[in-house]
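Naming follows writing order (A, B, C, D and E), and every chain is counted from residue 1.
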Amino acid sequence: MYDSGKVIIGLLIFAGIFLFPFVYQHGAPAEKPKPSLDTPAIKALPVKKCVEDTHFMITTHMQFLNDWRDQALRDGNRWYVNKAGKKVWISLQNTCMKCHSNKKDFCDKCHNYAAVQPYCWDCHYDPNGSKL
Amino acid sequence: MAKELTPQEMMRIDLRPPTRDWMDIPTVIKPGIYCYPAKPEKVEIVGMPNGHVWSPVEEDWGLPEDWKETFLEGMRERLNKHRSFKIFMDICVRCGACADKCHFFLGSGDPKNMPVVRAELIRSIYRGEFTKAGKILGRIAGGRKLTEDVLKEIWYYMFQCTECRRCSLFCPYGIDTAEVTIIGRELLNLFGLNINWIQEPVANCYETGNHLGLLPHTFKQNIEFMCMDIEEFVGITIEPPFNKKGAEILFTTPSGDVFAEPGIFTLAGYLILFEHIGLDYTWSTYNSEGGNFGFFTSLDMAQRLNAKIYAEAKRLGVKWILGGECGHMWRVVHQYMNTFNGPPDFLEEPVSPITGTKFENAKSAKMVHITEFTADLIKHNKLKLDPSRNDHLTVTYHDSCNPSRGMGMFEEPRYVIKNVCNNFYDMPENTIREQTFCCGSGAGLNAGENMELRLRGGLPRANAVKYVHERFGVNMLSCVCAIDRAVLPASMEYWVPGVDVCGVSELVANALIMEGENDRSLNLRGEPIPGRGEVTEDV
Amino acid sequence: MSMDRRKFLKVAGLSTLIGLGGSSAFELLKPGKVDAEMEHEGHHGGHHGKAHKKEEDTGPKTRWAMLIDMKAITKEKAEKIVHTCHHAHNVPNWGDPKNEIKWIWEEEYEHVFPDSYNEYDEILEKLPFLLMCNHCDEPPCARVCPVEATFRRPDGIVAQDYHRCIGCRFCMAACPYGSRSFNWLDPRVKLKEEMAKGRKLNKRFPTRMRGVVEKCNFCVERLAEGKQPACVEACPDVMHFGNLADENSNVRKILRARISLRRKLELGTKPSVFYLV
Amino acid sequence: MITRIILAFGAVVAIVVAAWMGGSVPGLQPLIGVALPYVAFAIFLIGFAMKVIKWAKSPVPFRIPTTAGQEFSLPWIKWSKIDNPSTTGGVILRMFFEICCFRSLFRNMRTDLRSGWLIHHPTKWLWLLALGFHYSFLIIALRHLRLFVQPVPGFVETLDAVDGMFQIGIPPIYLTDLFILLCLTGLLIRRLCLPKMRFMSLVADYFPLFLILGIVISGLLMRFVYRVDITAVKALANGIASFHPVVPEGIGSIFFVHIALVSTLLAYFPFSKLMHMGGVFMSPTRNLANTNRMEYHENPWRKPPKFHSYEEYEDMYREYMKEAGLPLERE
Amino acid sequence: MIEKALKGSSVYWGWVIFLLCIIGAGFLAYLYQLKVGLGVTGMSRDISWGVYIAQFTYFVGVAAGAVMLVIPKYLHHYTKYAKVVVFGEFIAIAAVIMCLLFIVVDIGQPMRMMNVVIHPTPHSMLFYDMIVLNGYLLINIICGYNTLLADKKGLPCPGWVKPVIYLSIPWAISIHTVTAFLYAGLPGRHFWLTAIMAPRFLASAFAAGPSLLVMLLLFLRKYTKFDAGQDALQNIARTICYAMIVNFFFMGMEFFTAFYSNIPGHKATLEYLFWGIGEYGNLVPFMRACIVIGFAGIFILLVPSIRRKPLWLAIGCACVFLATWIDKGVGLVIGGFIPSPLEVITEYHPTFPEITIATAIWAVGGLVLTILYKVAVTVREEEQIV
């Protein structure tokens, strides 16, 4: 007894499951998000530089913000001195969001792309937006 | 050899394997563990290849020139014939679940008796000779080449497996070492490397119809002698029918029951039961063996021996077949017979002539187990029973491996026993039902020369019996297998003195109240039943 | 990088586990001294190990306290203060005693001082007492918190870390002043509702989430910027804020001149809120 | 036996080192990041299918289920419908419990010989570790879909949210990451420390363990220590899934280690014991109903047997039979 | 051994499915609570702990009760408890699991619950409660499982288990002591701020846990083949009776201190609970019933001729169980919040989702207990009957 029908069905299910991402994407790549830096505050900057270098900010901002949070809230330390020796006021809402006043086109873009739901926004919000 | 070791000495088993690579541990073929080789004439009778005189302890095994090609060609052929074999070669993850499930490993501590390693013996050949990785990387990929030493090792361990399938129950992928052993033995048979304790019964079954080689008249006489005993002990006269054409039912049981104690008492049980219910049945001298020793050589041989059952049923024109108490007979009957030689369209779907019960589960193969049959009779109150006749017995029940893991018959025998005995205790749960331990001598390994192996393999079963013996005073080990009845007495005598062995049908017949019976102060063995009848003097 | 410093703090924290009370290593900037402090920070490159030492040597330099002048307070002023505070901190107004969040609120004398209630004191009985977190020197709420989500800062502020709070409400049971509120529901739901009716958010301050405890924080975020607490700013004649540890501070001067009450002193919590009568 | 462990470990280390070094060479990045996964996935898919087809080419000549409970028998006997199925439904349930709950391993026990008694201890460790490992692996694999497809399907987001439910660390650690690490370590310790396991284990047993452990550890390192630009990773993964592969800038070497290890696993899969994933579905001792006496099961290579017929038998023993009074076909 | 729980009669499975349905309903209610917030419960700013924490407190006591069997069995080698101890330990397991679940459903941010481990805070009693409860769970699993397994195999328990069993004795005391400390150390809550809080907790625990055990053992005796033995049952009943008397004695102490000193703060809660204050008196019927039922239980269990009758024994134990449940599971926690620190009275009415969730946790406890008892009874039956 070969049960070839059952084996073929099984193989098709197997292939279907493993080919799912390919079928789902059907040859159309999603565009890699380019977080917009097009805000008045950034435009006004003489040197377009974040608190730390871009690669660091991209890869480590979550840890960095977490650290800021603890410093400000728990340690009462509101000043951050970056690698270049420059002082920055520690505040997500009042420092980060001042430049990046475009949460939708900046934060959310990558977060949505990578399917990340940070709980920052449970309390914090975009001070420039009209909605909570 | 075995007798030289006391049970205490035999129990000194180290279950921790050595720290060396198993491929580096040479196999030493030890007396007491192996069985004598098959005699050439017994090989030739059934037309199997290369019957020759040889000895496992000698260097030269008299292998033909091209043995290696034969082996590998045979292996390739079987890989293509059995999906089970092919898959089992590929998917074992060596999780170790089976390791301590084998009675031979538990009783001997020989690490190559862990089912996984026993199968690895063959698997390593598969990898080394059939897969690219194994051919190139060799041992790194777990492969090895087939050499004479390797062949000897395989032979040694293929005949240290009773195909009980206990390991397969615990395997997460259902890998059945019995399948590997069956095929391993087939391959060895390709150049005559069988053991005589299998080959001779095969030859006997082939010609005389039963494994003992009882000629037709002897077979008939043996049964008639038993009838004489019955007349004396029970007071009932029985004239069993032989080769009777037009009988309703053909009865087939292992010939061991016709020959030796305590099997013959089970035979007496059948005879009394059939007489009591007035069954229209017949014995057959042509098909006088239910057990299928061919199964221990090759599936081909199993099919050839098995063919006689349906052939005889057809010749005699019976309606259906009733099978006696036997282990591997029932593995073959239940799982192979219909495929081997069926479907038997000349038979009718089995219906109990006494109760009218249709045996739905046997409607295609048309063969019913005696215990199923008896259980049905008891359920329908067709038997008058006096279980107190078995009161001097405290009974436990040994689930024979094959009806357990190759069929699933657990409740029927217990139902029957509980109706005919007042004192029944099951053994610990991890040693019964589907988890039952083998008697230690199945699959053709019940020779005399391998007594040490048999006792070692019987240890787990005996140990469980010992538990109920000490705890509840169990003194009777019942079973539904002729090999059990043949080998367990030795095992019990060695490990648990004071426990006897019987078939379930013997217990039934002892409790059965028949018309015209005598005072039944003797049981079927002719022994006085304590507390019954006149006190007889010790003979 | 600051991550290393965090690790250091973890280790330090673990090694002082046996010590009761969270003795955090940082001193708060004094109001009006932001710039000077900034320079001081610069020398340490953002590392604050020094501050810790300094404090050990001389004892706490700061203990913030609030004085509420019951002679200056009026119903209107009290309402203004409550309104200012709750708007500064985006506290929703549930309008329902079951779910309400209160950082500062009005209460009658009888409930403010239940154990030392003097029924013949008819003057006090009529006054709108403002209740808020007392920022106790020995805060029971910080003692019971299983995760140090609420803790006493070296400057005397009993802070609440909304990010760490697990919402067990042990602090609410422990607070003998009923100063703590729990977000039984999502505050944003209510805020959105209120915003639709014209409420403005303080966009410099976040909201909270459901399931955490909150309370008056002595406007620590304003202090950090060198500002006075919002309530003080709203009614500087009623609310006086200053450093209790400094003998020459405004609050010490006032306390020297006026009779003050503090709530449930018998419990030994040493409140930092004084009622000037 | 130590050699087997060292060989397996060495092989994984070699892959890690090669990928680490290769990943830091820009020219090699497309090779490791794109070509390797494509090739590996193709090998996996085709190899897997070929293997299954190879198995399927061999028939199941006999119906040999391992019966693990009471058979379907007389109507008044309680029948074990799942452990000894006689219906397709029963077989499906049996396979379901086997594959989804590891039913057979659940039965496992440890047997020891102690002062003359064989003691059967129930032991669920292997079952627990295996179950924990497989389910964690499954969830982790499904979670990774968020990097391959856009828009991310709802179930993946839910899975991600539930798995990362506990806010431990930034970004939150996934529970399955912890479980898989725990279970793999447990399985490895088992293999390394139990004498029986060490005895039977081959290089092919250690290698996948080390390999998957390597995958897990490199993944965790990537998330928590040597952080990578997740959007770049997704651009790459999504590019692969949409057949427009690109290697964006700024992906750290650790990513190439991770992807090389995963590719190794995929490519190694069809040729290894890992094929138990397919094999478990096809095991004749589990996926057949115990209807042997109820239904005819066909053996495609069956040959009619050559057996000693009754005529031959009667010819051989006619005299004896006559003497014994047995009926004869021909006198 | 757990596979024993997978085979059972249709009544058994019916019961299990019934419990699962309740658990399912509770789970849905919990998801709702998780989504909306704890505002779906009846708790408020003033009564910030409700049914959940009250039930938690009660079941800590039930869990600690097991020690009343462990001490006689292991310290005094009272062999009549040999077969029964494991049933006590299994109650403890189920009860501790319930406790942990009640805590989990009560906290506002359950996804942060690991913070208790990540940020260990030794000055918080809740931190110790976390340690002692989880420890007690582990200890009971180890002891219960190993002793039962040893019985099943017919072997003595492995040597290393003994010290763990001995450890379980002070540990059982500790869980209820630490739980009492949750309350007893709070300034400004007069009702809780009492030095006999811990002793009182222990007394009621030693009444509540064993009384549940006796009821269950009587049930098992009736419906299974396992019989705990009359001696064991009678002895446990005596223990319950004495513990309950001590419990009421301690309650009397509280009354004396409050009313003789005549300090309003100390009297307030007792007045509210037993007489009501003004229009507020929701709990009065409960608390009065508690006293009546409690004394009835004491009477039944005190008089040997009544106690010996299984039905009366069951009724007596049910009385004690119910009385202690009202005392701790209703009055103690809720009462402590009334009046509030501002001397305001707010009453508490549990809501439907809240009760559904709490019931579901009872069902979880019931399920755990059912499964564990099924295993234990099967093992015991095999021992006796095989």
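Here is the rule we go by: a residue touches a chain if its C-beta (ideal position, glycine included) is under 8 Å from a C-beta of that chain, and two chains touch if they have at least 3 such contacts.
Bear in mind that the values here come from a model prediction, so they are computed numbers and not experimental data.
Novice: Quick one: which chains contact chain A and chain D both?
Specialist: none
Novice: Consider the two chain pairs B-D and C-E; indicate the one with the greater count of contacting C-beta pairs.
Specialist: By the number of C-beta pairs in contact, the winner is B-D.
Novice: Can you name the chain whose C-alpha mean lies closest to the mean of all the C-alpha atoms?
Specialist: Going by the distance between chain centres and the overall C-alpha centre, it is D.
Novice: Farthest chain from chain C, going by mean C-alpha coordinates, please.
Specialist: Result for max centroid distance from chain C is chain B.
Novice: Measuring from the mean C-alpha position of chain C to the mean C-alpha position of chain E, what distance in angstrom results?
Specialist: 38
Novice: Provide the C-alpha centroid distance between chain A and chain B, rounded to the nearest whole angstrom.
Specialist: 69
Novice: Go ahead and note the Å separation of the Cα centroids belonging to chain B and chain D.
Specialist: 33
Novice: Per the centroid of Cα atoms for each chain, what is the distance between chain B and chain C, given in Å?
Specialist: Comparing mean C-alpha positions, chain C is 85 Å from chain B.
Novice: Residues of chain E that contact two or more other chains, please.
Specialist: Those would be 112-113, 115, 118.
Novice: Going by the touch rule set out above, which residues of chain C reach two or more other chains?
Specialist: none
Novice: Out of chain B, which residues touch more than one other chain, so two or more?
Specialist: 467, in rising order.
Novice: Give every residue of chain C touching chain E within the complex, in rising order.
Specialist: Residues in contact with chain E: 14, 17-18, 20-21, 97-100, 102, 107, 110-112, 114-115, 131, 140, 143-149, 164-170, 172-178, 181-186, 210-213, 264, 267-269.
Novice: Using the touch definition up top, name the residues of chain D that touch chain E in the complex.
Specialist: Per the touch definition, chain D meets chain E at residues 106-107, 114, 119-122, 124, 165-168.
Novice: Taking the complex as given, what residues does chain A use to touch chain D?
Specialist: So the residues of chain A touching chain D come out as 1-4, 7, 10-11, 14-15, 18-22, 24-30, 32-33, 55, 58-60, 62-63, 66, 110, 113-117, 119.
Novice: Please name which positions on chain D make contact with chain B in the complex.
Specialist: 1, 3-4, 7, 51, 54-64, 66-78, 80, 83-84, 86, 98, 102, 104-105, 107-113, 116-118, 120, 126, 130, 190, 194-205, 271, 273, 275-276, 279-280, 282-286, 290, 292-299, 301-303, 305-310, 313-314, 316-317, 320-321, 323-327
Novice: If you look only at chain A, which of its residues touch chain C in the complex?
Specialist: 63, 67, 69-81, 83, 85, 87, 92-94, 119, 122-125, 127-128, 131-132
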